[in-house]
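You will see subunit A twice below: alongside subunit B first, and alongside subunit C after that.
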Partner chain A sequence: MSKTLFEKIWDSHIVVEENGRSLLYVDRHLIHEVTSPQAFDGLRLNGRKVRRTDLTFATMDHNVPTSDRSLPIIDQTSSTQIKTLERNCKEFGITLFDINSPNQGIVHVIGPELGITLPGTTIVCGDSHTSTHGAFGSLAFGIGTSDVEHVLATQCIMMEKPKTFEINIQGKRKNPHAVTAKDIILSLIKKIGTAGGTGTVIEYRGDTISELTMEQRMTICNMSIEAGARAGLIAPDEKTYQYLRGRKYTPKNYDEYVNLWRENLKTDSGAKFDKSFTFSAENIAPQVSWGTNPAMTTDVTGNVPFPDEYGKGNPEEEKGATKALQYMDLKPGMAITDIVIDRVFIGSCTNSRLEDLMEAARVVKGKKVSARVRAMVVPGSQLVKKNAEELGLDKIFKDAGFEWRESGCSMCLGMNPDILAAGERCASTSNRNFEGRQGTGGRTHLVSPVMAAAAAIHGHFVDVRELDLN
Partner chain B sequence: MEPFKKIKSIATPLDKVNVDTDQIVPKQFLKLIQRTGFGQYLFYDWRYEKGGLPRKDFVLNDPAYGHSRILLARDNFGCGSSREHAVWALDDYGFKVIISTSFADIFYNNCFKNGILPIRVSDEILEKLFSTKSEIEVDLETQSIKADNVSISFQIEPHWKKILLEGLDDIAMTLLHEEQIASYEKSHKI
Partner chain C sequence: MKGSVIKYERDNIDTDVILPGPYLKIHDYAELATHAMEGLDKDFHKRVKPGDFIVAGKNFGCGSSREHAPIALSYSGIKAVLALSFARIFYRNAVDGAFLLPIEIDESAYKDISDSDSLEVNISANEIRNLTKNKVYKMKPFPDLIGKIVEAGGLFNYKP
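Up next is the complex of A and B:
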């Protein structure tokens, strides 16, 4: 019988099936400091061990400071959480990339770059953006802390089988430096809504997707959760196999695996999806979010919408838009390019990899950050930082007036000192523009690294297609 | 986990779509390393003024709902971050039932793991419940909601119903499959 890629991975990981639910085996479990302490406590309370320490990897990313790491952490609660992870990893025998490790970084950046993420595997982590790893054709999803404990103890997870959702993206972008993977995914979420993918695993298909680099594919899969999906998947291809070759944890007999993956890891022709959506990438414009969820997004050439225009007859959505505009302090009808910003954040598991920084640096090179803007770059991992510095990107950013930071989640969620003050407006390459996400009262506009860089220079949003980016 | 019992209470109407877990518990309260005590941070930024005074216009601060154990929510409740702290906060505050037209997947799952019953109902039924001024009774055993002398039935996955009613430890349940897990591990490489 023809199967989708998702069904193949799902079926090959079933340990037991009962009452319409499956006990799935977990190949890789990633943990971090914020959603794991209570899980380890649960293990201790019940006298349980970590079943597969060899398949479990930890790092600290959410609340680590991105300033000088030789200094002690001032925030006592953050420090306690970090020390707790160190203690738990030591006690239970788990590999930890700690704050001083050259492999420390955002968990979804280091998984792929260390070759922990592999095609055809199942990956879980107590973080919703685990969907990122789907870019490699692995079935990867975020879980709560109770499930973290469950996976630590059993290496399995009990789940109801999600539905399948095919998203077919066709066509060539006219200016791929200006219209990025971020613009594709924001544009998709705008179309299908923040609950458009609820209960499903998305498989992204089509020539637009095949053409993307691995890092761009990660940006797409990363934001699957912003469309409500459990996971996002892209079938692996030669780019995938090449990317993972020779990394720290890539298996020794790699070519044997690659041969198997080439044969198996694709959706069979004739396989049926529960749901389908097709759109063209040809005419996508650079995107800017104007509201307080990622679907509240529009073209940079557009205007802030009127609530009734956004609600399209749905009174709840209309009410939501009215509240969002109030929170964002924006007037309906104003041009997106007239929105003046105070802060710029280039970072997060969505857009903090080397290519993101290279693309942003293209805009920044030889220019100065607007006098009204404070801008920072937070590389996704220590390895990204090192590679970027070898290319001289740090110098380009610093010369322009950007702060060049240590790696971590940073201002994507403001758990460390990198936060917006109330009322500050930020062009951010992160994934969520929820109220208070980057700091209580802070206002977030989700954009691509190129748009964020351009906003830093100009002090407001600009149509980056008009810049010379080649 | 405590077995789930019948719940009868006034329902708190939270009239907003797409409520994300960043609103349910803002990030500044995620640094605690225990599961308890999160109720005071529930909806913190909506519930309190900057100085820490309760905001009069937020429904949780309305004394009429002071002892409420049922939350009425709107579409896509619990979207965004996977933080289970959101469920711990709802539970610690006293909510045992959340009724909405839809929930985000991870949040929905997290509820059952903590003895909270999330119920999906149609738009029409939700509107009816939003307009009810009297107490609502939720009975998981019979899968029914009683409001204004009308009984409405709801659907629930049998697996979750059993876990809630019996207060089962799902790790212990999985470990009953030890033999199958071990045998899977033997044949499964990578």
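Up next is the complex of A and C:
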């Protein structure tokens, strides 16, 4: 029988199945300091151990400072949470990449970078952007703390089978340096909405997807959750196998695995999806979000919409847009390129990898950050930082007036000192423009790394297709 | 279950406004509760009473997987959220820890229920009674497994 890639991975991980609900085996469990403390408390309370310490990996990313790491952490609650993870990992025997480790970084950046993420595996993590790992053909779910505890204790997760959703993206982008993976995923979410993928596992297919590099595919899968999907998947190919070869945790008999993956990890021709959506990437413009959820996004050449125009006759949508414009302090009809910004954040599990920084550096090289803007680059991991420094990217950014910081989640979610002040407006390469996400009263515009870099230089949004990026 | 309604006429109420990021460092549930809904409604904490219901629009709880969101609502006294639809991780977290009941209602019930109405929710009959307006609405029945986990009082008490 023909099967989708999702069905193949799902079926091969069922431990028990009963009345449509399954107990699935978990191949890799990633943990971090924020969603794990209560899970370890639960284990302790019930006298349970971690079932597979060899399949569990921890790092600290959400609230680590991105300033000088030789200094003590000033925020006591952050410090406590970080120390608690250290203590828990030691007590339960879990590998931890701590704040001083050369492998520390955002959990979704280090998983692939260390070869922990592998095709055909199931991965869970107490973080919604776990969908990132789907770029490797891994079925990866974000979970909450109760489930983290359940997986620590049993290495299994109970689930009802999600539906399958094929998203077919066709066509060649005219200027791939200016129109990026971020623009593809933002324009998809704009089309299908923040709940467009609810209850489904998305498989991204089509020639546009095949053409993307692994890091670009991660940006796409990362934001699957912003469309409400349970996970996002891309079938592995030679790029995937090449990317993972020789990494720290890649299996020793790697070629045997690759042969198996080549044979099995694809959707069979004739396999049926529950839902399908096709669109063309040919005419996508650089995207800028104007509202307070990722679907409230438009082309850089466009205008801030009028609520009734956005609502298209739906009063709830119209009301939502009115509230969003109020919060964002934007006037309907104004050109996106007239939006003036105060801050720039290049980072997060969406856009903090080496290629993201290389692309942004093309725009920045030899220029100066606008006098009105404070801009920062936060590499996704210590390894990204090191590789970028070897290429001299740190110098390009610093010479232009950017801050070059240590790795972590940073200003994506405002848990560490990197936050927006009330009323500040930020061009951000992160994934969520929710109210207060980057700091109480802060205003977020989601963009690609090149768009963020250009906004830093000009002090407002510009159409990066008009810049010389080659 | 009986209680009064706190209504937010909004879609996409995300977990960042339900429990803003900076408070994810708090370990104590009672203290978390004092920051519930702070990103959207600074007065929520003063207003909420034990047994209250939140009524909201589509895609309630979208965004982050933080279980702190249903925990903060639960420890504020919220027994159930009645929404047009839920984001999946929020829904799962609410049920797993038996923090609160995520109840799906239809458009007519959503429109009809006003802020401060008194409601009585009867899970076994899949029924919501509006005591203020003397009306009855249907709720969407819980799927088999969810119903059993809810009945058992959470994932760890559920025995298949």
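FYI, the second predicted complex is superposed on the first by the 470 of 470 C-alpha atoms of A that agree within 3 Å, B and C clash if a C-alpha of one lies under 4 Å from a C-alpha of the other, contacts with A are read in each partner's own complex, and residues count from 1 in each chain.
The rule is simple: a contact is a pair of C-beta atoms (placed from the backbone, for glycine too) under 8 Å apart; a residue touches a chain by one contact, two chains touch by 3 or more.
None of the values given here were measured: they were computed from a predicted structure.
Enquirer: Superpose on subunit A as described above, then tell me if subunit B and subunit C fit or clash.
Expert: clash
Enquirer: Kindly classify A:199 by the partners it touches after superposition: subunit B alone (first), subunit C alone (second), both, or neither?
Expert: both
Enquirer: Check whether A:251 is in contact with subunit B, with subunit C, with both or with neither, and answer first, second, both or neither.
Expert: First partner only, subunit B.
Enquirer: With both complexes overlaid on chain A, does A:340 touch subunit B (first), subunit C (second), both or neither?
Expert: Neither: A:340 stays clear of subunit B and subunit C.
Enquirer: Check the residue A:15 against both partner chains and state whether it touches subunit B (first), subunit C (second), both, or neither.
Expert: first
Enquirer: Which partner chains sit in contact with A:358 here, subunit B, subunit C, both or neither? Use first/second/both/neither.
Expert: A:358: touches no partner chain.
Enquirer: See if subunit A has more residues touched by subunit B or by subunit C, and give me that chain.
Expert: Counting contacted residues of subunit A, the larger count belongs to B.
Enquirer: Should A:35 be classified as contacting the first partner (subunit B), the second (subunit C), both, or neither?
Expert: both
Enquirer: Which partner chains sit in contact with A:469 here, subunit B, subunit C, both or neither? Use first/second/both/neither.
Expert: neither
Enquirer: Taking the superposition on A as described, I'd like to know which of subunit B and subunit C A:155 touches: first, second, both or neither.
Expert: A:155 contacts subunit B only, not subunit C.
Enquirer: Could you pull out which residues of subunit A sit against subunit B in one structure and against subunit C in the other?
Expert: Touching subunit B in the first complex and subunit C in the second, residues 19-21, 34-35, 37-38, 62-63, 75, 77-78, 80-81, 126-128, 142-147, 149-150, 158, 160, 194-195, 198-199, 225, 228, 230, 293, 316-317, 319-320, 323, 413-415, 432, 434-437, 440 of subunit A appear in both lists.
Enquirer: Considering only the defined contacts, which subunit A positions touch subunit B in the complex?
Expert: 13, 15-16, 19-21, 23, 25, 27, 34-35, 37-38, 41, 46, 48, 62-63, 75, 77-78, 80-81, 84, 118, 120-121, 126-128, 142-147, 149-150, 153-156, 158, 160, 162, 194-195, 198-199, 225, 228, 230, 251, 257, 293, 316-317, 319-320, 323, 413-415, 422, 432, 434-437, 440
Enquirer: If we count contacts the way the header does, which residues on subunit C are in touch with subunit A in the complex?
Expert: Its residues touching subunit A are 9-12, 14, 16-17, 20-22, 24-27, 39-40, 57-59, 62-67, 85, 87-89, 92-93, 96-97, 143-145, 154-156, 160.
Enquirer: Flag every residue of subunit A that touches subunit C in the complex, lowest number first.
Expert: 18-21, 34-35, 37-38, 42, 62-63, 75, 77-78, 80-81, 126-128, 130, 142-147, 149-150, 158, 160, 194-195, 198-199, 225, 228, 230, 293, 316-317, 319-320, 323, 413-415, 432, 434-437, 440
Enquirer: How about subunit B: which of its residues touch subunit A in the complex?
Expert: Its residues touching subunit A are 15-18, 20, 22-23, 26-28, 30-35, 45, 50, 74-76, 79-84, 87, 102, 104-106, 109-110, 113-114, 157-159, 169-171, 174-175, 177, 180-181, 184-185, 188, 190.
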